[in-house]
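Right after this note come the structures.
Next come two complexes, and both contain subunit A; in the first it sits with subunit B, in the second with subunit C.
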Partner chain A sequence: MVSRLVDDRSRAAIAASIERRRVDTRGLLFKVVLQSCLLVTLALLAVLLVTVALDSTDQLGTRLWDFLQGTLRSRSSDESLGIHQGMYGSLWIAVIVAVLAFPIGIGAAVYLEEYAPRNRLTAFIEVNIRNLAGVPSVVYGLLGLALLLNGQIFGLDRLTGGSSALSGGITLAILVLPIVIITSGEAFRAVPMELREGAYGVGATRWEMIRTQVLPYAAPGILTGTLLSMARAVGEAAPLILVGAVTGRLGENPGLFDIGALDDRFTALPIVITSWTVQSGRDDGFTAAAAAAIVVLLVFVLMMNSAAILLRNRFEKKRG
Partner chain B sequence: MRNSTRRRLWLPVIVASLSLVAAACGGDDEDEASTPPAAADAGTAGETAPVSGEVNISGSSTVEPISIRVAELFEDVAPDVSVTVDGPGTGDGFKLFCEGETDISDASRQIKDPEKEDCFANGITDIVELKVAVDGIAVMTNAGNGAVECLTFHQLFDLIGPNGEGTSTWAEASAGLPDAPLDLFGPGEESGTFDSFIEIVIEDLAEEAGVDATTRTDYSPSGDDNVILQGIQSSDTSLGWVGFAFAVNASGVKLLEVDGGDGCVAPTGDTIASNEYPISRDLWIYVNADAAAANPALVAYVDFYVSDALSRAVSEVGYVPLTGAAQAETADRWHSRSLIS
Partner chain C sequence: MSMTDEAPRVIDRMAATAGEASPEQAMPAPAAERDVVFQSRDVNVYYGSFRAVRDVTFTVPKNEIMALIGPSGCGKSTVLRCYNRMNDLIKDARVTGAITYRGTDLYDERVDPVEVRRRIGMVFQKPNPFPKSIFDNVAYGPRVAGRKKDLDDIVENSLRKAALWDEVSDRLKDSALGLSGGQQQRLCIARAIAVGPDVLLMDEPCSALDPIATARIEDLMQEIKQDYTIMIVTHNMQQAARVSDTTAFFTADVRSENDTRTGILVEVDTTQKIFSNPSDERTENYVTGRFG
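Up next is the complex of A and B:
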């Protein structure tokens, strides 16, 4: 029946259009463009990593342990040259950020997402938090300078010892606070409404609902966001310069876990990298030292990110 | 539902474990931290009574390496003195110094009157000014280049300043110079030598000419002085500039005389130390004498600074040491605490 309705010519055309391989030129072109975007990104990263790794071998290849134990020195050939003071600063900045920014940030996010009424004020606050996340980090450095060093408000400088790892950590905690609030907020928003309604359905109060349903469900997302923001804090240099991180020489070299030195003058890995890069104009051996410091910072951040992934997987498994 | 007890614990557990980690680590290290000073004490017990305390230094990033090197050498003499050195710049250094935040201020120029008044207004009146080194920059060409002996600031500005952009021979850049290819080598912007060169040679002439105080951009900058020297050696008609202490021992290069307005002067340790050679500047430290009266560590450190260690530290970090007489004067100024007024 059908064959009679369609003549031979159009039948051939239909057959061809079905059987012949169609060449989707535009589609292919689009795919190639996308692939080259990825390639450019990867190539840039590879060049960066390879050059840094090659440069760093002078220090890391020959005197890894000494480099990890050593201090800021005036000459790159000094046998006590090393990164220990920078590692101390960065480690404790990370810890202070975790202790301060995470509970406060997550708490604020819980309030904004679960308690705050949906009105203009809340919307206004949320917009402002988003804007704060985009404020240049130097501005937070200025805030830290006024608040923690000059003690213009509350005389907080007496608590932090002025220019210290404690001041640096608090400044960076304030810096990542908006990011923590935003990422945790996103995680809370991803919690299915059915979970909340189910909890209410069996008679849970709001607090019980948040505690038993929302927080556990959102935990992986919160963790990823917060730990990534910690990595951001550890990589910041500009605010620390304003808070008085030392570039030249630090008298003390406290043990990694010596919390007694938290209110002394400090330095941090990004500061050491900047300082050594500048000094490579005077003493070329500092190029290798700066590269080695970059490798140490990368490993530091990588460790943090893998911790985030591990923890997230753990929580996700539990949730499943 | 069995899981829920475990699940709901996660937040407090994380917070608690973080504070535990902090506490545990702190406890750990109380003992560790107390051992090194004790060991150090034992080391110096045989000598005079060990000095201990803190010295806080800030200021010029040009002088910073000298103060650090002196502190490193001082470590062997007085391991219990903790010297912290920072280098935000001469002006910022004086600001901190006049607020009483630092004991010593490094400076690549002398203190300005407003800065001095600021200090005095804050009750910091006893200030000792000490010259510690000279920063000289050598202008060089290939050793085989007999056509050029001396360059004036104007010629240097024409050759290296922004107006030279695009010129490929000496004559094209500055009339009167030989008609030979110009191969230019110098430090990059990140270098202190670059800054000093701009300040001393380029800045005033650039202002006159109404252009930015910088160099031309079409030359090969390098952070490595060796690369600059290799460039100079590679071309018969090359031109370049590096720190004097580095250039003076190099082979295959000729250090040019420079005319800063008072005739041609060849760069030597003496002409630089005496500031006769025009591309040179003095480097200073300013000591708070009041603070020194209360802080034996500061006195010991400056005593050491103006001793024989100074010329060693200065040459090790690439500057020109003071002449014997100038060094003696510096030491004398410190020991007699001659204050600036």
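Up next is the complex of A and C:
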């Protein structure tokens, strides 16, 4: 039954005014533009992955195990051609970055966020850390060269053995340090004030509050940031060139977990990829080898990112 | 950085340690005759150069519930947070004047704020359980105090006192975040009690709760007041009237020329007197609903 206040005519008018009248062309257009942005990105990525995967089949499809076990060679047809040395370098660079950059970066972030007074000096320091995160990686390579190879400071070259996986790892650890500090700092800032107050309210000291509330709550965020920065370190080539990564004439293959070779001459996956791509001009077979090395590097990075996601989900479940 | 490092403070230590009110600030008779837990005198709280609270002086008697009421922005919570040095955590916050706890100046430089907070517990506006198990929440305080033995007993007793034991005894290992809002707030009370405090400060503990959960917290306050002295900040005048023995009414002194609000204490008296026959007109306007 229709109320007397709304007669049939005005009801029709109201219905007409709220009914959909026309197609929203602008809205549709906007949506299509956004979709095509996404499509372009996905298409580029797909082309990259597909070409690399297709190119790599010559090596990975026919002699996967030999390729993973092999060494740097001057001819692509050499049956002992492979990337074992590159994997060794990249694996240990990742480990050194984790061991050096994570504790130092997280520690610095804890100090900056939780202890340091908020004043002009700390604001200045923070801005500069952010700037450092944007400094081109080749500049860090120069730092590594001066610090770890030329022995201009502290004679560190004797410790690292000059051009070595250790030097490369330390250089890349310095490279990602600002990123680790920034992402950890952001994770600390996201810890709710209520949790901090709750801990202080029952008589926790600052250290206890940080250990029992801030660090566990921030763990997923720290983890994501640090592992992503590790993935970045593993993909860097320029700084490694400056600290003397080589593209041949390496000695015996060290075992993957043989830390005795850390201060020997070294190479890493991005270097191998670059070198083989350059050589593919004179020796076409290196195209397949480079593509195969790219696939190995991508799998390596993918594994790291998956580990980051798995660990983050576990920590997040823990914090509820 | 603790406030004692940097903040210049003016403390009238003679008056602070004397522990008795001066004639012009005489407290209502019943309070003055009992044991006094807190005595504040001319307390001012500054955030930077902004004065948030001006010249607050009153005493808190033992084993009573004192309510701090007043309109929003009148500094009730700020005042409450002076009593367990919680304002230390706010950068630029500065407290002048004197607050004594059982005769000792809380802001004396020899006083450790961590120890203060173990004796003077706090329950916050929003229930803030830690993202841990129910057991670990209650055991948190004793653990940071270095206690390792008898945690089971402490947790059970605290949960019983907070009237939560029957609801959670079979799921102590479950996450505290799975509890309802009212249960979470009682858990926070249990967590505060577990440290063995002398005083409980409650900062609008029921503002996020429904009426049933609120009633349970109010009943709980009545039950535990024989063991504790309680100060509660509340927006809810009925709540103050129901639960408290004494009431302090605050209001905001608004300076229109620079748009600042400074909290001032209008009057302190027995709750019955504040709500039936207050001495100040502003109190009367507020409790009768004509203002605020």
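We adopt the following convention: the second predicted complex is superposed on the first by the 304 of 320 C-alpha atoms of A that agree within 3 Å, B and C clash if a C-alpha of one lies under 4 Å from a C-alpha of the other, contacts with A are read in each partner's own complex, and residues count from 1 in each chain.
The criterion applied here is as follows: contacts are C-beta pairs under 8 Å (C-beta built on N, C-alpha and C of every residue); 3 or more make two chains touch, one makes a residue touch a chain.
The structure presented is a predicted model; accordingly, all values stated were derived computationally and were not measured.
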item	value
Touching partner for A:E194 - first (subunit B), second (subunit C), both, neither	second
First, second, both or neither for A:A204, with subunit B first and subunit C second	second
Touched partner set for A:V99, first subunit B, second subunit C, both or neither	first
Contact breadth on subunit A, by residue count: subunit C or subunit B	B
Partner chain in contact with A:T212 - subunit B first, subunit C second, else both or neither	both
Which superposed partner A:Q85 touches (first subunit B, second subunit C, both, neither)	neither
Touched partner set for A:T287, first subunit B, second subunit C, both or neither	first
First (subunit B), second (subunit C), both or neither touched by A:T274	neither
Partner chain in contact with A:S56 - subunit B first, subunit C second, else both or neither	neither
First, second, both or neither for A:S184, with subunit B first and subunit C second	neither
Set intersection of subunit A contacts, subunit C complex versus subunit B complex	212, 216, 318
For the subunit A and subunit C complex, residues of the former touching the latter	117-118, 192, 194-205, 208, 212-213, 216-217, 318-320
Sites on subunit B touched by subunit A in the complex	3-4, 6-8, 10-11, 14-15, 18-19, 21-22, 25-26, 28-30, 32-33, 54-55, 57, 61, 64-65, 67-69, 71-72, 81-88, 187-188, 190-194, 223-226, 243, 316-318
Partner subunit B, residues of subunit A touching it in the complex	72-75, 78, 95, 98-99, 102-103, 106, 211-212, 215-216, 219, 244, 246-252, 254-261, 265, 277-284, 287, 315, 318
Subunit A partner contacts - residues on subunit C that touch it in the complex	1, 84, 86, 89, 91, 114-115, 117-118, 121-122, 124, 126, 128-131, 140-141, 144-145, 175, 177-178, 188, 191-192, 194-195
